[in-house]
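For reference, chains read A, B, C and D in written order, and residue numbers begin at 1 within each chain.
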Amino acid sequence: MDDTYIKLNGELPKLKTPVLIVGLPGIGSVGKIVVEHLKKEFKAKKVATLYSNHFPHQVAMLKNGGIRLVNNRFYVLKSKSKKTSDIVLLTGDVQAMTSEGQYEVNRMIVDFFRNQLQGSFIYTLGGYNISGSVAQNPRVFGNATSLSTVNKFRSKGIVFGESKGTILGSAGLIIAFAKMNGMEGICLMGETTFIDVDHRAAKAVLELLAKELGLKIDTKNLDKMIEKTAQTLKELEQQIATSIPMPQPGLGNTGGDNRTTSYIR
Amino acid sequence: MDDTYIKLNGELPKLKTPVLIVGLPGIGSVGKIVVEHLKKEFKAKKVATLYSNHFPHQVAMLKNGGIRLVNNRFYVLKSKSKKTSDIVLLTGDVQAMTSEGQYEVNRMIVDFFRNQLQGSFIYTLGGYNISGSVAQNPRVFGNATSLSTVNKFRSKGIVFGESKGTILGSAGLIIAFAKMNGMEGICLMGETTFIDVDHRAAKAVLELLAKELGLKIDTKNLDKMIEKTAQTLKELEQQIATSIPMPQPGLGNTGGDNRTTSYIR
Amino acid sequence: MDDTYIKLNGELPKLKTPVLIVGLPGIGSVGKIVVEHLKKEFKAKKVATLYSNHFPHQVAMLKNGGIRLVNNRFYVLKSKSKKTSDIVLLTGDVQAMTSEGQYEVNRMIVDFFRNQLQGSFIYTLGGYNISGSVAQNPRVFGNATSLSTVNKFRSKGIVFGESKGTILGSAGLIIAFAKMNGMEGICLMGETTFIDVDHRAAKAVLELLAKELGLKIDTKNLDKMIEKTAQTLKELEQQIATSIPMPQPGLGNTGGDNRTTSYIR
Amino acid sequence: MDDTYIKLNGELPKLKTPVLIVGLPGIGSVGKIVVEHLKKEFKAKKVATLYSNHFPHQVAMLKNGGIRLVNNRFYVLKSKSKKTSDIVLLTGDVQAMTSEGQYEVNRMIVDFFRNQLQGSFIYTLGGYNISGSVAQNPRVFGNATSLSTVNKFRSKGIVFGESKGTILGSAGLIIAFAKMNGMEGICLMGETTFIDVDHRAAKAVLELLAKELGLKIDTKNLDKMIEKTAQTLKELEQQIATSIPMPQPGLGNTGGDNRTTSYIR
């Protein structure tokens, strides 16, 4: 049995110029919130499940008393218009735990989308940490596979060239492998700070994406969560005044070497 | 030589609709205590040993001056009644140290039980951490491979749907692989807190299991250990009053993302 | 697809007795600064890129909004004189993350240089940590593949026999594999202390190397950075007076066992 | 190229019922001191070198300005008497860094000794941590492959049955693999405490081993080091009086679960 494999949920549907939207666990849970929202709102249909021994050795306990081996799942959302693409969603419980595993799993995701689903464009979604206070209108940062894709999205409110450092995990590797295989793609990152589950950043990414894909979305449930988080933050502020530890600028994204700003250990 | 392999202790016995009971090192040592108890009380016979280079590079020093490379061991306990199943016990010194190793070792355990021993039902045993004071009558939580198995056990005093997060290691992966291979199984978790070796939680699981399997057990030695631990705890309480650090709710089981309850890092 | 592979940038050029100069991320960033300097000053041409799943799972965000999967890159610098060798430069974003990865990646680098580029001599560059105040005229320490290479370089201002402990990563493994494959090589280490990005140590190595290779170099940009770092240090000193924590002697280089000087844990 | 391999130093000598003595880096450096002593005093001849990508990615810097990729080395010491066995020594710079690496390297060591050198008995040497003050006459603890070997050595001043927990690394795995391959062996552990390089414990093991092997040894250099360490300790004691932190009983050896003595986390 292979280390990493994709189990099909019956025969794969035939898709029209599909685009892939990837939202896995990561910074601010931004990507996962967006894809889970699309999945639920449009009742996307599960078509395949990816398992890997590079995922954590964990089994999720379900509310009904059942279990699920942690995995990544592909869903399909058929377009109702002739003009727009079918959409493939990828979300899941986890990401691979080692660098070797990340390369293997993400390469398989790109190969599957390209060879089995004949896809050609990929959106990966994530958060981008900015130090400081919570943004009321979070920006969406972008990094893309080519300058022509950068230029295509620049006019749509996405900020290019301000995000620095490196993108960790699936959000980065999937568009890197897409590029190496002659596909195009973009990583969209919602501006976030120290919030673990940032619905506000997710909403910013979702709205931008919906507009691009011609989807009409209802963000009522996100608004409720945003309100709830804001309330929690307010209470916390009152309780602990100024003692919340702030992460360093860009720390969450930077796995590399910000040498220009660091001279002393 | 393979990385993980099972060495038989002579020819395997022919078994009657065997069930597997897995009790390896883990939370509160609950699983291991239960299986070691069954092994000793019913003088189960060792039939096979599993070795793996994913286990720690450790050799146990024995009381008689000998040695044992750390491993997992299968024992057989023949039923004395025609109505009840033969029992296979699995216990050992260790679990695999990496995620990749966990997948490999536990897949091999399930394959061995299914293909070599023609088994079809698996119990995995463990502990489930609940914050707070020591329960006088620990509950037993369950998660099972299917809703029909959930329903079958619901009436037997097992609590379903309250255990949250993820099950780590063999207790989770073995029933997950069982499910993927068309077998049924259940993970039984004794309620425990901050106690490393929790005989009280183990007794709760053992009694439930014994009833289910039609075994008459003698828990005198467990009662002695429970009394001893209670005594130690009482002395500790007197010494350090309220300074015992308590683990967070569900921390021991949760390898995943309890996002709904965590907004701030 | 192999775990580690080198992608050629078109056909490889034919080179005259090429020498390889390796400057990857490491102590004080010394090696990387030197090789990046040579690359820019002499407009070296990229000929190949090495990718590996043993590198971190990171994608660099570029200023133009693009992306780059982290990698190591080979550049060629053709000699303008008939008397001197062509130069191959190797630099990159990262080094392999595991010991197994280090062996694999560095073995491939040596094989590529030897078999594809017909090279026979390798310089690896790095820093060597000395505790204490910043050296105004940092020394360059050397360790080489053979005593004849040691003797050849001894007269050129390189200090042999004073560097102790072990060399970690590419700077060490590449000359070790060179030696095992009948090639010669030397690791040149600029004296550094607690500075993350030490342009002064880099300049010392660069000047020595340039002289050896018959290159005329312009170190104005390095001088500017040295001045800037000196200024930063001065300000820090004034601010925190004597509270800068100093690393232990040789700690940065020593992965091994300096047993002769350590009796007590 | 294999991950782990042994490079012969010319043709292997023909040996008379060879015994292997293993002394690699470990607790108190006991094993390494003993084997290095035997190697030097009897001018043992190097016959093979083991390299592995599971060793650290380190290259040792030599005093003469040269380098050495870290490794394990086999030496041969021919017996001068017809009655006694030839001796094979194994020492080196490092041990494998992962559990998988430990299994692979130590299995290869046992296979090499058995199949290439026709050996049949193995001594592995190490230290055994006992909390408390430095023993003036350190005991030597033993664990062996069989009860007959235990009994054979019991009368020779080796303490059996008092060492508890697990033996980590080569000292344990090599005799475990020996046992699995029908060979005999013993792990001899010198009593040590918190001293990194414990020549006193090493001397105790060396004297016991020399007697057993019929070797006349000169321990003057060890005595000097013991005196030096004692002097250092005395000075330390005077300086810091009672503030030396003591390791817990058996902590150094115990990778496993001393459950019977630990109830509370």
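Structure notes:
Please note the rule applied: a residue touches a chain if its C-beta (ideal position, glycine included) is under 8 Å from a C-beta of that chain, and two chains touch if they have at least 3 such contacts.
All of these numbers come straight from a predicted model, not from anything done at the bench.
At the chain B-chain D interface, residue numbers used by both copies make up under half of all numbers present, so the two copies contact each other through mostly different positions. Among the other chains, the CA centroid farthest from that of chain D is the one of A. Rounded to a whole number, the gap between the C-alpha centres of chain B and chain D is 36 angstrom. Inter-chain spacing, taken between the CA centroids of chain B and chain C, is 51 Å. Residue positions of chain A in touch with at least two other chains are not found.
Arrangement of the chains shown, judged by which pairs touch: one closed cycle in which each chain has exactly two touching partners.
Every pair of chains that touch is listed here: A-B, A-C, B-D, C-D.
Considering their complex, residues 1, 3, 25, 29, 53-70, 93-94, 97-98, 101, 194-197, 229, 232-233, 236, 244, 247 of chain C touch chain A. Residue ranges on chain A touching chain C, taken from their complex, read 96, 99-100, 102-104, 106-107, 142-147, 150, 154, 160-161, 163-169, 172-173, 175-177, 179-180, 187, 253, 255-257, 259, 262-265.
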